[in-house]
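Structure incoming, see below.
The letters A, B and C name the chains in turn, as written, and every chain counts its residues from 1.
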Amino acid sequence: MSVQDTDIPAARPVDWRDPRILARIRRRHARDGWLKAAGLVALLIAFALLAILVGSLVYRGHSAFTQTMVTLQVHVDPKKVKPERLRRGKYDDMVEAALLSHFPEVRSRADRRKLTKILSKGARLALRDRVTADPALIGQTVTISVPVSDPFDQLNKGLIGRSTPEERRIVDDRAIAWFDRLAEKGLISRPFNTALFLEADSRFPELAGLAGAIRGSAYALLVCFLISFPVGIAAAIYLEEFAPRNRFVDIVEVNINNLAAVPSVVFGLLALAVFLGWFGLPRSAPLVGGMTLALMTLPTIIIATRAAVKAVPPSIREAALGIGASETQVVFSHVLPLAMPGILTGTIIGLAQALGETAPLLLIGMNAFITEPPGGVLDPATALPTQIYIWADSPERGFVSRTAAAICVLLLFLVTMNALAVILRRRFERRW
Amino acid sequence: MTMLQPDEAETETEAPTAELKMTARDVDVFYGTNHAIKSISVDIPDKTVTAFIGPSGCGKTTFLRCLNRMNDTIRNCRVTGEIRLDGEDIYGRDIDPVQLRARVGMVFQKPNPFPKSIYDNVAYGPRIHGLAGTRAELDEIVERALTRAALWQEVRDRLDAPGTGLSGGQQQRLCIARAIATAPEVLLMDEPCSALDLIATAQIEELIDELRESYSVVIVTHSMQQAARVSQKTAFFHLGVLVEYGETSRMFTNPSDQRTQDYITGRFG
Amino acid sequence: MGPHIVSAFDKELMAIHAKIAEMGGLAEELLSQALEAVEKRDPGLAEQVIQRDKRLDRLEMEVDELTVKVMALRQPMAQDLRFLVAALKISSTLERIGDLAKNIARRGIYLSQARRVNLSASIVRMGQRTLEQLTEVLDAYSSRDTALAVAVWRRDVEIDELYNSLFREVLTYMMEDPRMIGLGSQLLFIAKNLERIGDHTTHIAELVYYVVEGEPLGDDRPKGEPLALDGLTD
């Protein structure tokens, strides 16, 4: 401060060309290079792992997106189906007859039964639906494509090798010959597997679809959103804006943060005890699933909302208070709109987590075998991850590719939701 | 702590004994156990610019924020003493801070327009206080406030544009327009030019000088030159105490307290 | 009074103070040399005074420049502002004192060629009083001693009275002996110059008071009676 402070000796001049200094600089630059390289390698490893995961799923699952069909000319025999009892007709007889007509040389009962194994159990359902929709078809001949059974579907997709010794194959040489005859006649086709998305679960892989699981997941997520979004925001706003600073509130805060780290299976047990045990809500219902998922999503939404609310600049709050806005007006006309992008992002990420959650849903019975898509939140249903769990557990070969396909569908939903989060954030941030 | 009455410098030619708008008596402010403001008594005359100066952390902003009860929003903040607006105790039971803040407007250090349109920024106050019955009335209030804030000419064609898109000086004038849209009696300004450049500062200072005709203005500033330029009364705060209060022209040529002297001549070490 | 946070400001103020001090010293010296030249009838010394006054003029300009620069760059307040304003005024006052001393020296050259009169002694006595006043006011300035400044300010009346009596004396001589008129009027001018220097000294005293106290000294200074000529002529 003082004026006389000029007697300090000047610093010794530094020789920046000194070899020791130069070597030091080189070492520092080398370290920078190493750090960058390590980061890049880590990134590449992560990327490669992701690529392997997605690649193997697509490789294993892609065949499930198509289905082998056989096209048959079926005579709808008036003796076997009565117009007044359309759903009770002997459709399997008619479809089998249409198939057998291509193989007049096969006569023995055993052989004929073996031949008809080419057809899926669902073949008759396809015919039934056609006739039910249009009873005028009775007495006429219709051309219809019906799914083949799982072993022949696998054979057609090359998943069962013809070079494998016959005794280790599920289809023997004769059956292959029959199937090839059909193929030669141009009756075998492989269109996109719409059943995968339109049908519910089935014991037969060629008939099993994800419709029930997708709808069950959608209901569960809807319930989860309707509960966790308003409750989460309300709790976060109270904690951020109104809560007094005391021990009780501190404990609440710590517990919310801990709640986010509780293993999901614990929530499942809780739901089993409370929702099913005490409240007596139905098992396997998306309502219960959604409530359970809401318990898990709540902490995520509360934490995200609090962070977003905290990030609203205090100057905006002061500006509003300064012209006489009440606390409610400050929250609803300034803080919440500004925090909304962050809140929505957090919510969607929380919901995406909930979408992929399996363990709690298993505990409340959403892994039941249900062949009908749920009609409401109280109907029994499965969810996407539990459906994957069920299929992965099934012995039939056809479920292997379907499991992979279902995982692909689930991942697709997750990616879509995350993309939505990004888009929402961008859109809202640009507005301000 | 002695109070220096304004009549001590009655030889001054300007501002012939303006009426008192606000009076503070023995105001203490505590943040928890920290005694931030110590027994401050000050009179704020009407239609006059009063400047609060002092080193950082001297309590001038804290005291300013007592005048419209902005300190209520700070946890652990306790205000004792008596502050009156037109003779009415603003910490009294029958005064609602929400209404008080419409009567005692505030402009902040950093321009802080809402991320809304220019129109909505100015209309916000009148809307929440229900000052306009019809859209036409609201339009008129907005235009008047923007005109008084010397911003109307610049923004009349883009009232729907976001307020955050204006330049720093324009934003601050928008904030002033927003504050005066609720027809306040007192305007508090907390270092309103600290984030602005020279030209914008000069425009705001010119504006403050014009606002003096209608409002009682209290301005906290770090710049002594600014205090000297815009104010008629100056109060010097130091370590939570009001050291000296008097006519600005006297404070800057011949302050009576050594601490004031040291501060305004740049001698604090 | 502590140092400024910006030490360069202090250095500049000190530089101005040093220049004023130099001007004061020089003005004192010029006055005393001029008086000596008158007393000893030394035209060489008088010539020296005339030459050295140029240095005083230059110093005044330097003080002006420095002061304006400091005002523009530092925006001084309160005491500093008063110091700088006073510096401007004191420097110009000292410069004028220098001019008056120069004028006395010029007249000294004339007197050295004229015949010796014993009136010169009275002039020199008045000059010594004025010089003392100047020295004291400069001391008051350096030591910020307002009491001393006020004392100088009050004592100026003595110089006024000395001037009045000298005036009467010279006038009487001139009435008695018309050959004395040329010489007498030179003496009167010297006396008048000294009286003016005395006034400038009180002005400096007022400025010292203003710098330290922040208020003007006021205008009720005791002054000598205005001189009535009619009392002498009859």
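Just so it is clear, a contact is a pair of C-beta atoms (placed from the backbone, for glycine too) under 8 Å apart; a residue touches a chain by one contact, two chains touch by 3 or more.
Keep in mind the model is a prediction, meaning the values are calculated, not measured.
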| item | value |
| --- | --- |
| Any chain in contact with chain A as well as chain C | B |
| Chain at maximum distance from chain B, centres defined as averaged CA atoms | A |
| Innermost chain, taking as reference the mean of every protein Cα atom displayed | B |
| Comparison of B-C and A-B by number of C-beta pairs in contact, larger one | A-B |
| Chain centre separation (chain A, chain C; CA means) in Å | 102 |
| Cα-centroid distance, chain B relative to chain C, in whole angstrom | 51 |
| Distance from the mean Cα position of chain B to that of chain A, given in whole angstrom | 58 |
| Sequence positions of chain A contacting 2 or more other chains | 1 |
| Numbers and ranges of chain B residues touching at least 2 other chains | 269 |
| Overlap residues in chain C, where contacts from two or more other chains coincide | 3, 5 |
| Touching residues on chain A, where the partner in the complex is chain B | 1, 244-245, 313, 315-326, 329, 333-334, 338, 431-432 |
| List of chain B residues in touch with chain A within their complex | 68, 70, 73, 75-76, 98-102, 105-108, 110, 112-115, 124-125, 128-129, 162, 164, 175, 178-179, 181-182, 269 |
| Complex contact set, residues of chain B against chain C | 224-225, 228, 252-255, 260-262, 264-269 |
| Chain B-touching residues of chain C, taken from the complex the two chains share | 1-6, 9, 74-82, 213-215 |
